[in-house]
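What follows is chain A paired twice: with chain B in the first complex and chain C in the second.
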Partner chain A sequence: MSTKFSVIGHMMVPDHQIMSVEEVDDLLTSYKITRDQLPKVYHDDPSVKEIGAKINDVIRIVRNSQTAGRAEAYRQVVKRPKK
Partner chain B sequence: MASPKRIGKIEFGLLSPKDIRKMSVRKIIWADTYDDDGFPYPQGLMDLHLGVIDPGLRCKTCGNRASDCPGHFGHIELAKPVIHVGYTRLIRKLLRVACRECGRLLLSQDEIHKVLGPEDERNEDVISEKDIKKERVCPYCGEQQLKINFEKPTTFSEVMTDENGRKIDHKLTPADIRARLEKIPDEDLQLLGINPEVARPEWTCLTVLPVPPVTMRPSIILENGQRSEDDLTHKLVDIIRINQRFKENQDAGAPQLIIEDLWELLQYHVTTYLDNEVAGCPPARHRSGRPLKTISQRLKGKDGRFRGSLSGKRVNFSARTVISPDPNLSIGQVGIPLAVANEMSVPIRVTPFNIEEIRQMVLTGPERHTVNSPCGANYAIRPDGRRVRLSDMTRENIAEMLEPGWAVDRQLRKDDIVLFNRQPSLHRMSIMAHRVVLMDGKTFRLNPAVCPPYNADFDGDEMNLHVPQTEEARAEAFMLASVAENIMSPRFGGPIIGGIHDHISGIFILTHQVRWFDKKGVLYLLRSSTPEHLPKPGKVEEGVEYWTNKQVFSMILPENLNMLYKASSCINCEKCKMENCERDAYVKIIGGELTCGVIDKESIGAFKGKILQRIIRQSGLERGRQFVDDVTKLSIRGIMFDGFSFGIDDEDLSKIEYGQIDEVLSEAEDDVERRIRIYEEGQLEPMPGRTLEETLEMQIMQVLGKARDRTGDIAGRHLGLSNSAVVMAVSGARGSMLNLTQMAGCIGQQAVRGERITRGYEGRTLPHFKKGDRGAQAHGFVRNSYKSGLTPTEFFFHAIGGREGLVDTAVRTSQSGYLQRRMINALQDLKVGYDGTVRTSGGRIIQFRYGEDSTDPAKSSMGDPVDVVGIVESIIVEEV
Partner chain C sequence: MNPEFEKIVDEADLPVKTKNDLKKHISDHKISEKQFNEIMERIFEEYGKTRIEPCEAVGIIAAQSIGEPGTQMTMRTFHYAGVAEINVTLGLPRLIEIMDARKSPSTPTMTIFLEEDYANNRDRAREVSWQIEAAHLHEFGDIKTDMVDMHVEVVLNKDVCKKRKISVDEIMERAPKKIRDRGHYRDFESEADPDHLKLFFYPKDMESYQNLFTLAEHVRNVIVQGIDDIERVVVRKENGEYILYTEGSNLKGVFEVEGVDTSRTRTNNIAEISEVLGIEAGRNAIIDEALSTLREQGIEVDVRHIMLVADMMCMEGEVKQIGRHGIAGEKESVLSRAAFEVTVNHLLDAAVANEEDILEGVTENVIVGQPIQLGTGDVKLIAKRTS
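Here is the complex of A and B:
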């Protein structure tokens, strides 16, 4: 018994986009980091599921920021560990 | 320095009996420690192979003396295995997931696949207890599984069903458990997340017990020559005694009952030896009744090895004493008693340039008798690093020998940089760098304007002082932690340092409305502030020059200051009367000249400080520091010009007011009675979403609240700005009009959890009232004022209400303290990089830009990176 509900459409949920391979490479070089230094998000996160991101994809999250107006964050999709 | 290395992995394992025997240097069999001559028994608990603690003896293992021998482990062979309390949960889990007969994991290969996925895709996931259904049949040998019960601290039992269908608990001995654990195959352990190479499960049941070296359980010799053993030694003695008895009984073939008793006793001793605070187990006690401090107690908690000895350390070059105020100091200074300054020192190197100066210090030696004498020195450090104490005998000699390459521990002197701290250190302003001023007396002195960041007062508070020992440390302390650097709080982007109490009352009295001072008055007011030249007089009468109070205040303002705002005495009229405000609450500063308005908490108070904030944003922190110094000194002189005091008769009202207050309160009580009658007659209309009772209660609270406020208004009408309490309340220095209302008018309704007091006896709060009385007096309305005095019942209700406040504070502080601790542990290693990212010590990104806008809150204006209103205001000189 589950009703399909789109979390992406909710006003409190920021915009999630899957980044292309080139974008990810640019991101990693501009911050001089490796993939495992990125923040993470679980593969079963409702908004990650909804945009269809796979494990190891990088997601760009564009938020309305209280301080900066608009803020971008990037997260790598990882498998949720058991428990 | 070696380059930092990355930790590849950390392995957690168990000590195997083999390992324990391998690291042991001696088998321990005797429970005794020392013989009659005070010499350790061989193979006793203090065996010389385990290391030495007495000076003069040599360790029989490594041959070193007490100072160099690290100590060595021994071991005790236990007669039968016992369970290690620290692993009971692991044992329980393993007993439940493994077959009682063959020891295999109670899952078939297919089921394992289902849980973990196919073999080549497995990650770090492991099988948990939940994956196995209870009391099933073993998929490998077909054995029916039984329910395993665990009883704290160390008892395991199986639930069996006998012929009659009754359930009986069958106890498992540690030997049974060990046998079962031994049977679990290595491959199955891997699936459970256990590496059998380093942690075979049967090692959780001890067969041999390591005996720690004597160096970690030294015995102390009391004054009467008696030896007193360490708690751990006491416990080991118990273990060996019981173990010995157990062995003897076992060899003699004692009945099963006795064996079981002894086994349990041995288990108890080993359990308390490891942890003396296990649930369900009475703690082992010393003869005096004090619980023993065993291994776990040494490590655990605030004073344990981790939090007490490793993360927290004690330091040298620190001092602690009571603090007291001194408004004549700068906020960046701290007054230090001579006794402290003479003891504390700073090392300075001898160079060709300072050798004569230092020679003089050495000659002066460690004694300095007055605060104005030149500083001496306590120690000289020779080029080889040896320290020589300077005394009357040595100092002349050493002064001779002094040459570059030596160093000298110089005593503290004026303008040295020290770190000053008050616990609890909740934010970074709890430790600030001050400059030393030597003072008579025995307390640390500080300007009351720096009390807010430390949250200090002078009711007996003590503070700590630390002396940085190197140039780098001093430079860093001064550049990053000096008081001037910390005026702006990162908590809210405004000044946390500013005037308090009398500073605010004083500047309010000084700047309120317009007053004229002659030259003598002006000079008196500004005597200890920076300005050196008087402005042009505001008026000349009969050849005498006069200046206004606003001119006096303007002298300490920077010249380029333009500000327009409302003081905290503003009452927010519908239509602001601007310059014609009768409260003088419209503040206008143009070109550094206060043209109208009164200066109060809004302008110079700590946590508010509008003027201070603007000065810092325009002219920098150092100018801000100077302004705080000037304004505090000016206001203290301002308050002294007229004098300021408050006494019990300042709460007096006239007969007319007392009559009015009485009338208001009687009316209110009548109103309450009337509403109760309406309620009792069933005529009361309930408010939406409320019951009848709730509606009545709310109405009563409202009526009584209003009545109290009206008494306040009546009292306020009588008490004008000539009353000190009113001055303090209006200027924001201390207290509020509500406090004044309670002193002069009426204290009002006492409440517990926001409701009138209802608890007490059946149907009434106190036996003084009739059951079911809903009146104001019966439920905690205090009609009197603090001045008029409370009736006994009122007093009792007041105590109830007051107690709630105390309890709330106590609960809040403990909760917020723990929250703070958790936050600090989580955030302590985060760092903002040069690229603006917030990263962990491993370089993992937490935020891509610090705070998303890269703004340092301490340099912000109330959180905003740019103070747009302030900039516009200062240019167009008009309120925005």
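Here is the complex of A and C:
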């Protein structure tokens, strides 16, 4: 793959950020949910690899929503299950 | 606009888009504080109305909202989708394809954007297209099958090679290698004669004509330039820049080609997008593809329904189909799964595995005849009598 290519730079990929432990706790208490109720993303997902997130990290995704303009979503990094 | 108002708007619990619209509308009016407060009040009221109510069955509403207009779609169409001469599946078959999360669509196609220097220059755009379009060896010269000496002889045409910006040496090196690697055919020897622009292929078994003809066929069709999966490239000028449309798709391969804008280039193969760009890009691809398929047929479905579907499909970190091998087949409840498809198998497997159904979902409770946990069924109210 050429050096200039970046997954996050692509139009279709929204911004990904790794959340700190405190942020995650705030998130879980504000929605009254547990960690495993979050949507998931595999550890070998290209965007996860690019920001260097580890398994069990929670990622904040800032989407360009067509309705709200800007929407935040969250995903927990999990190991890709073996087939 | 009054900076105080701006601060209040910025801090309000409203979507960004609403805030921006609001700022735009009130910036060129003189508004008193009383008026501003009334505006804010009305906006909160209206925004509250647009939000979905608690316990609403959003999934069913989405299913109906996509399903009903779906009945009006063309059953079977193979359109030349307006875009050049490239054939693209549209209408209902395409929508089904998206929801089924197929590994590859029946008509994969890419839209390749070019970097600035290439996008404004027709010749340079053409050069990029040659790097991408798969070209067979027979396009670069004559191929003769010599049945007396039992060999295949390729005479390369220097002008064609020059025009398509590929050196003769490159072809001579690549052709035998590609036949072995991609064609999985190894029973031959090859010999290059660059001075006379000739390339010879000898079958290992000199006795059999069958082998000679198989070899000739492989030599003829070996791809020596371009990306294997991309059969055709069309260059078109749109909005003042040259864009390449392809038949066949290979996102990873195309990203490596010089001159390709890797931030805008896209494919209609959702599985490929989620593999190369990640699950979030896959979600966006589902929304875009479903929306454009519906729009093309003149059907307006609210994005929120499609967003919900796309969210469900991408929940687990990979694109899952809607249906018995995906979302519907992985539900917790046995009865809910059995109600969908292949009832007996599910019940039998559940019995063998000693599964339990805790009757939390909608379908199970309908089956056993209990109130469902939706709408008013999910609210428990105890009234205290005052007397």
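Just so it is clear, the second predicted complex is superposed on the first by the 78 of 83 C-alpha atoms of A that agree within 3 Å, B and C clash if a C-alpha of one lies under 4 Å from a C-alpha of the other, contacts with A are read in each partner's own complex, and residues count from 1 in each chain.
To be clear about the criterion, contacts are C-beta pairs under 8 Å (C-beta built on N, C-alpha and C of every residue); 3 or more make two chains touch, one makes a residue touch a chain.
Owing to the predicted nature of the structure, the values given are computational and were not obtained by experimental measurement.
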With both complexes overlaid on chain A, does A:P39 touch chain B (first), chain C (second), both or neither?
both
Let me test your reading of the model: by the given contact rule, A:L28 touches which partner, first (chain B), second (chain C), both or neither?
neither
Give one of first, second, both or neither to describe whether A:I18 is in contact with chain B, with chain C, with both, or with none.
neither
With both complexes superposed on chain A, which partner does A:I61 reach: first (chain B), second (chain C), both or neither?
second
Given the touch rule stated above, what does A:Y74 touch, chain B (first), chain C (second), both, or neither?
first
Touching partner for A:F5 - first (chain B), second (chain C), both, neither:
second
Larger contact residue set on chain A - chain B or chain C
C
A:S47 in the overlay: touching chain B, chain C, both, or neither? Say first, second, both or neither.
second
Going through chain A, the residues touched by chain B and also by chain C turn out to be 39, 63, 65-68, 71
Contacting residues of chain A [partner chain C, same complex]:
1-2, 4-7, 9-14, 16, 39-42, 45-48, 61, 63, 65-71, 75, 78, 80
In their shared complex, chain B is touched by residues of chain A numbered 31-33, 36-39, 63, 65-68, 71-74, 79, 81-83
Quick one: in the complex, what on chain C touches chain A?
15-20, 252, 255-256, 258, 262-264, 266, 273, 275-281, 284-285, 287-288, 303-304, 307, 311, 314-318
Given the complex, residues on chain B that touch chain A span 123-126, 128, 835, 837, 839, 842-849, 851-853, 855, 863
